[in-house]
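Two complexes come next, and they have one chain in common, chain A, joined by chain B in the first and chain C in the second.
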Partner chain A sequence: MKHTHKTCGSPEHLLHRRLFLQGTMAASAASVASFNGLFSVPALADETKRRGKKCILLWLCGAPSQFETWDPKPGTPFSGPFGAIPTNLPGVQISSLMPKCAGIMDKLAVIRSMSTEPGEHFQGIDVLTRGDKPRQPFVRPILGSVVAEQLGHLDSPVPQFILLDPCPEGNEFKGFKAGNWAGWLGAQYGPVRAGGEYSIPNLNKLDTISDIDHQDREALRSFFSKKYENDRRSQAAGSLNAAFDRVKGLMSCAPLFDLNSLPEADRQRYGAGAFAQHALQARHLIENGSTFVMVANGMPWDNHVFQHEMHQMLVPELDNVLYQLVTDLEDRGMLEDTLVIAMGEFGRSPWLNAARGRDHYPKAWSLAMAGGGIRGGVVHGATDPLGHEVAEDAVDNRQLFATIFAALGIDPHEEYDLPDLPTFSRVEDGVAPIEQLLV
Partner chain B sequence: MKSITLKEKHRHKLPMGILSMALLPDGVGLVAGCMDGVYLTSIDKSREPKLLYSHGNYVSSVVSLGGDTIVSAGYDGTARWFDLAEQKLTDSVKLHDFWSWDMTASPDGKHLASVTGQYLAGGYKYEPQEESEPSIRVVDVASKQIVHSLPHVPSVQSVAISPDNQFVAAGNLMGEVRIYRIADGELVSQWTTSDFTSWGIIKSHCYLGGIFAMQFSRDGKHLLLAGMGPMRDPMAGNGKQLWQKWDWQAAEPKMIDQTHEGDAGEGLMETLAVHPSGEMFAMGGRLRGGDWNVALFDMQTGDRMAILKLGFRATEATFTPDGKHLVIVGTQGQPSKPKPKGDGFPDFGRVEVFAIESEAT
Partner chain C sequence: MLTSCRYLLGMFLASSVLMMHASRADQPSEGSGDLFPVAKINDFVSQAWEERGVQPAARCDDRQFVRRVYLDLAGRVPTIEESDAFANDTQTDKRAALVDRLLASEDYPQHFADLFDALLMGRTNEGKYKQRANSGWRKYLEDVFRNNRPWDEVAAEVLLARPEDKAKRGAVWFLYERNDQHQAIAEAVAPAFFGIRIECAQCHDHMVVNEIEQAHYWGLVAFFNRSKNAKTKEGLRVAESAIGGFSDFANLEGDSTPNLLTFLGASTVEEPRPAGDAKQEDADDLYVATSAEPANRIPKFSRRQRFVEDVLRDHPLLARSMVNRLWAIMLGRGIVHPFDEMDSVHPPSHPELLDWLATEFAESNYDIRSLVRSLALSDAYQLDSRKPMGVDDPASFAWYLERRLTGEQLARSIQLIAEGKFTNDAELIKQFRQQISDVLPDETVVGVDDTLFLTNGPGLDNYLRSSCDKAGLLAELNGSESHRQRAERLFQSVFLRAPDSDETEAVVDYLEARNDDLPAALQQVLWSMINSAEFQFNH
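This part shows the complex of A and B:
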């Protein structure tokens, strides 16, 4: 299949995507309808909540330890101080820090044989969010942008790709966040960022301006902007118009971004931390029409030191969040159509360093998925007894992305022709999905 | 002021990383709490290291109660009594559901105190969740019964008992110190210093760091704390090598001294030891940047008296009873591969002994 796009990943797109990331595009926009009012029209509600595959990415940035999550090595010198426990899959053990996931392993697919190349964060994040290494001069779109473009509704008032991340900083992740996420797909497929300080301010219409005045102003702005775009053939103006359209949608669905509007019982159940709260918010956003929500919390998993102190907190939080998400989605009849992925950019070294932390290790690591076309109760691949090497069924980034795309019903091998650029594929070299993991 | 020189006398290795140690009454024997169990060895290499027993997890602390009795505590949450003469475990007491991060014995050998706690998110900004079990357990050695279960905010990573056997102090990840009277379990002092804890603003939103070691001065008037100064990037471990000296008996506990400007590099400090004379103390840990990872300080002035740059992380330091030697144990980074012939891993626990040589200046 061929796919042709007019956008090119120019600096203009970068500029406007940054506006999205910072939420500043919302500052001067006008409201068109309340969220509740919007969804009181059944046809529109149906359209907005179009049934289709969706995805929640729990982005474990910094790279979690496979030994303290999905691939413990009890009884070895590398096992670390956290033990291993049995799961509801006979013969399969995971970290003792994950008792809740141990009870739903029949719903999860764990890959214990991830083996990738980049050993530094920025490059690892790039490859594990886009699916491949950079291939200049174009910028490959991030997973969320592809899913939003392929499965989302650009006309939906609910943003189709949302990044929930309260951390304004984050070392390499901060640098990555400042880059071009949507790549050549263009600004309209970039993420809307919320969470913590990114609360998408100024979404409420001023009381001093009537609805009619708002509509008149927006009509005038739209007319002149469109005229400018057409007269000058300006992609920047086009992107800006897309941004304004997005703002209108955002204003209409602002309540979706209000954590305080979520049921207290649900908030308690998910746990108190920002990551847990945003995972709940992700479920809420998916339920209400978003297509891809990426939940991050800075870059907390990079535990070169304080490995014990950090993993004692991070892994139990992940355990509960994944359990709540999967069981919630199943209870609501949404798991079949919603893919949940929990992964970072690589794993951690088998050996503990002198500071009893674990260092970067892309050679043999683990991740987990559930729902959305992925078969539950599968542990794919294996590492050797000490976790040094992949012993069975190594999986690289291309196989992973081919599997994710296939599970979501997206053609992994679609080809793209961009002006003056070589043809490329969504997943290069015809790499096949992992059949064992697909429903 | 005395000029101090630390001269290496002995060094040897144990198979696994060493997290704790205790000298035996003969001043030569040494028991080491390691990642795989408790070893018996000696400071002068006269005894071949021998694995005595295991906890099923890391051994975080080991103490000698005099005679042939040692007690260890581990990440399995238990305290275990071992008779060196009989060469057998004599008792095991469940202290905590989570790890024992640290355990100590009172100088009179009548009480043990152990601390625990798992840091779990209790708020949006990762404020610590309330404890799910008492963070401090005080054990009567004679009866092996828990006599006090005292509250704190988890995780509680360090504990000390005063020289007069009357008070137990415990410090946590948040930099909070609580001191209880052992006789009745009453809280007698409490304060928080933010100097040992970082709020993650770079890579993560959570709290990291804390008070990793504490010791009372010989006169009991002051409490020394050790750890690492705040870091902008909590994962880097690049905070200042930090000790503080507190007047804990003041109506408002008051910090009266701390690592002097120019005396410290970067790294997490995990151990404190007070010299038998009470005139100086040692602090040690992991070197991140700078020229020492173990140093001696004058108790009175706080001046740095001597430094060591060891090629490993110092997890515990102690002075021999005669005050003539400083004994340091620790661990190198774990070897990445077993020995080629399949005979286990290269040894990476370290024991080093230094003679303390001084002359008046």
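This part shows the complex of A and C:
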């Protein structure tokens, strides 16, 4: 027997009217209203516009070479085959692999003096995504969870922290991904994972159930379940009901996760490949109400072998993606409120190894940011002529995170007291943000 | 604070070891009603309420109790008939009688095998579940609970992994499935049998838990690092070499230390080590003479055997961790929480109670069933699940802590409601254990991936649709006389209670609106009920 409904005869469903009148569905009315359509509900678009700051993290996993990006050392023994080119900031040069970014350097802030501790990927990833070393028994929340908790709207149908990632398998990042991302903030601040080859499982309604039955049964479920929650003031039931509420939101914005729904011209402009396409998708998600999107991509930057060849492919892609993202956000009037960060977990060694690769180098490396409270046209810090050491204004992970938080309007030093544990600050020891980088 | 905890734990370990060696000899082999006196458990808990000025919740009524105890002991909800029979029973000791009946039922070993499979082995894919069944591991676990085998014997069999008896062949699988990954074995042994996590000590002494040292991590690895999986004529074996396995480990400063056979709370097992760079030669005379094939020969100095005999046997954490875990299974969280981090950073909420239970458990010959019985009959277990006003600390055990049903509990209960019976290897069980994988989570939080699965996953939908076509609840409801009757019957089946008037009205209104396709509509109501909190939680 099949139970798929033909268009239902009765236009009025008593249940809907009843439950609407009782107010049990009022909170989710917006998402129900948008249930069948593409994501274009004016009310939500307005809400998005009046919201505060947002952030896109281009996570360059594996760690790019600073010499082939932001801190070229032309004419030195290990400078590699790529030259340096002038930028639209007088006196500032970057790698010739990045001509597009050279034209918007006035919008970027580059730190050339990153100096951090961990030299292995797992620890490096942990420190540069969470802001500090582990301090057991805390599990420090990852940047995206903090931003989602501080700036996000849990009641928004659009997930506040999204991880776009086509590559869940096969490298050190895998162990990290399996970890506890939201830490002590709680699971509700963890990312919704999506992207590339795999989408969010079970996001689409089954064909075997009609729209109307789908809505009715959830309305009934919510009615029974909220009654239980209210009668008992049950937190457990609260979390179940909140998760079912998020289902409605997620399903209503399912098209947001469909790359194919984006304009072909945009897709070409960003370029083929998961990283570029996900960066475009990140923009789209931020435009439509997400607060934090992390674009991760396996760990392609870990070039211990044939580093020049690999960077010859990877850097122009990064150059284009960053350019498109920053100019798109600016064209839309969103750059001021949207912080874009492009970084990995450390840099690469100033010398080449026997396989013509550069090895891990946390002592002196570079990263770039733009928008969202960060001042454009700034190059902060410098390395010595061979790039072995930081020559001025060394920046560690704590200063970096204090700066990121300050730019987003989040108090870097807020304290947390967890029962029976030492006090924990968002950024520990009162480390100050870098004023020069803040608007 | 930390220093004093460490000191206390050290004292505890030392004194308990002595105590247990002294008291072990003359133990009864069968659990008796006098073990773990319920009144004594109640005294410990109520004294703590008094000291903390806590007013506990009222005693739960029969309807709450019967659902709760079926879920906790049998891994499923009761049927309407079972629930009614209990409610109408007028015997004064009917709760004890029900607990005894459930502990003697076949559902009990099935449910506890589910729990301990997840706790000892971790969740896995369906291919691996098949291997766990084929290797005899699943059957071994069921037998442990069906025959109420002493936990210390079980632990020794599993870690020695040399089954002499064909019926116990599955005992090898704990080590075997870990496929010669000796660090993974050590990291699994510590929480499974000692209730502690040692992963942090791989690279350095534990940062916070002072008593867990890097030497313990590598010491535990060393006990297993001469082991190797082998397929022999007698079946799967974990062979052991008589030589090798000497290594050094380095701390973060680069200082190197020889890796000795040592573990927390036990003295280092002495083992002759080859001098300097002398190379050891493998030779027959290093093994106990045996006619078995090479992979089955037993080294004269067997590290695994020494671990079982010198470290595991009578280790105070063996009893203590099992008691704490059984408490967590029955009461919703451990006396030490999380239940598998029983270290100086996680002090017990009721230290004297935990000490007493651990001692009694060891003295009872590690009698699991008797302890579970006493916990189920304790006052704390029988409290109402509504949190009393003014009490917030779940560690006070002043109300029955709501918990999510496990994947297996959910899938069994759904089958029971829809068909009146259930199958343990049904497709629905597989679907649910793949999605809802947590057992005894630290916190009761439901993720959006789970609710997406329940809403849009094909597993539950296929099951409910196909159950419309079978004889069972939905067919019966279809033939009922009125929507009101249908509503009543649904509430009795799923929630084991009559609906309130607004609930009846909501169902009746909905069914009236969907008169065009009653079977589909009934399916939706059933879906809405099994996905609401009243069904999804044990309360």
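One rule holds in what follows: the second predicted complex is superposed on the first by the 351 of 439 C-alpha atoms of A that agree within 3 Å, B and C clash if a C-alpha of one lies under 4 Å from a C-alpha of the other, contacts with A are read in each partner's own complex, and residues count from 1 in each chain.
What we mean here is this: a residue touches a chain if its C-beta (ideal position, glycine included) is under 8 Å from a C-beta of that chain, and two chains touch if they have at least 3 such contacts.
Given the structure is predicted, the values throughout are model-derived calculations rather than measurements.
A.B. asks: Applying the document's definition of touch, where does A:273 land relative to chain B and chain C: first, second, both, or neither?
C.D. replies: A:273 sits against chain B, while chain C stays out of touch.
A.B. asks: Identify the partner contact of A:366: answer first if only chain B is touched, second if only chain C is, both if each is, neither if none is.
C.D. replies: A:366 contacts neither chain B nor chain C.
A.B. asks: In the overlaid three-chain picture, which partner chain does A:355 touch, first (chain B) or second (chain C), both, or neither?
C.D. replies: The answer is first: A:355 touches chain B but not chain C.
A.B. asks: Of the partners chain B and chain C, which touch A:78 in the superposed model: first, second, both, neither?
C.D. replies: first
A.B. asks: So, A:304: does it touch chain B (first), chain C (second), both, or neither?
C.D. replies: First partner only, chain B.
A.B. asks: I'd like to know which partner A:399 touches here: chain B for first, chain C for second, both or neither.
C.D. replies: In the superposition, A:399 contacts neither chain B nor chain C.
A.B. asks: Looking at the overlay, does A:316 come into contact with chain B only (first), chain C only (second), both, or neither?
C.D. replies: A:316 sits against chain B, while chain C stays out of touch.
A.B. asks: Is there a shared patch on chain A that both chain B and chain C touch, and which residues make it up?
C.D. replies: No residue sits in both footprints.
A.B. asks: With touch defined as at the start, can you tell me which chain B residues reach chain A in the complex?
C.D. replies: 16-17, 35-36, 57-58, 75, 99, 118-127, 129, 155, 173, 200-206, 208-210, 233-237, 268, 286, 288, 312-313, 331-338, 345
A.B. asks: Spell out the part of chain A that touches chain C in their complex, as residue ranges.
C.D. replies: The contact residues of chain A facing chain C are 1, 3, 5, 8-10, 13-15, 18-19, 134-137, 186-188, 192, 200-206, 208-209, 213, 216-218, 220-221, 223-225, 227-229, 232-237, 239-244, 246-247, 250-251.
A.B. asks: Could you please specify the touching residues of chain A with respect to chain B in the complex?
C.D. replies: 62, 77-78, 81, 83, 166-167, 169-171, 173, 196, 271-274, 276-277, 297-300, 302-306, 309-310, 312-314, 316-317, 349-357, 386, 388
A.B. asks: Could you list, by residue number, the parts of chain C that touch chain A in their complex?
C.D. replies: It is residues 200, 206-208, 345, 385-387, 402-404, 443-453, 455-458, 461, 465, 468-469, 500, 502-503, 505-507, 509-510, 512-514, 516-517, 519-521, 523-525, 527-529, 531-534, 536-537, 539 of chain C that touch chain A.
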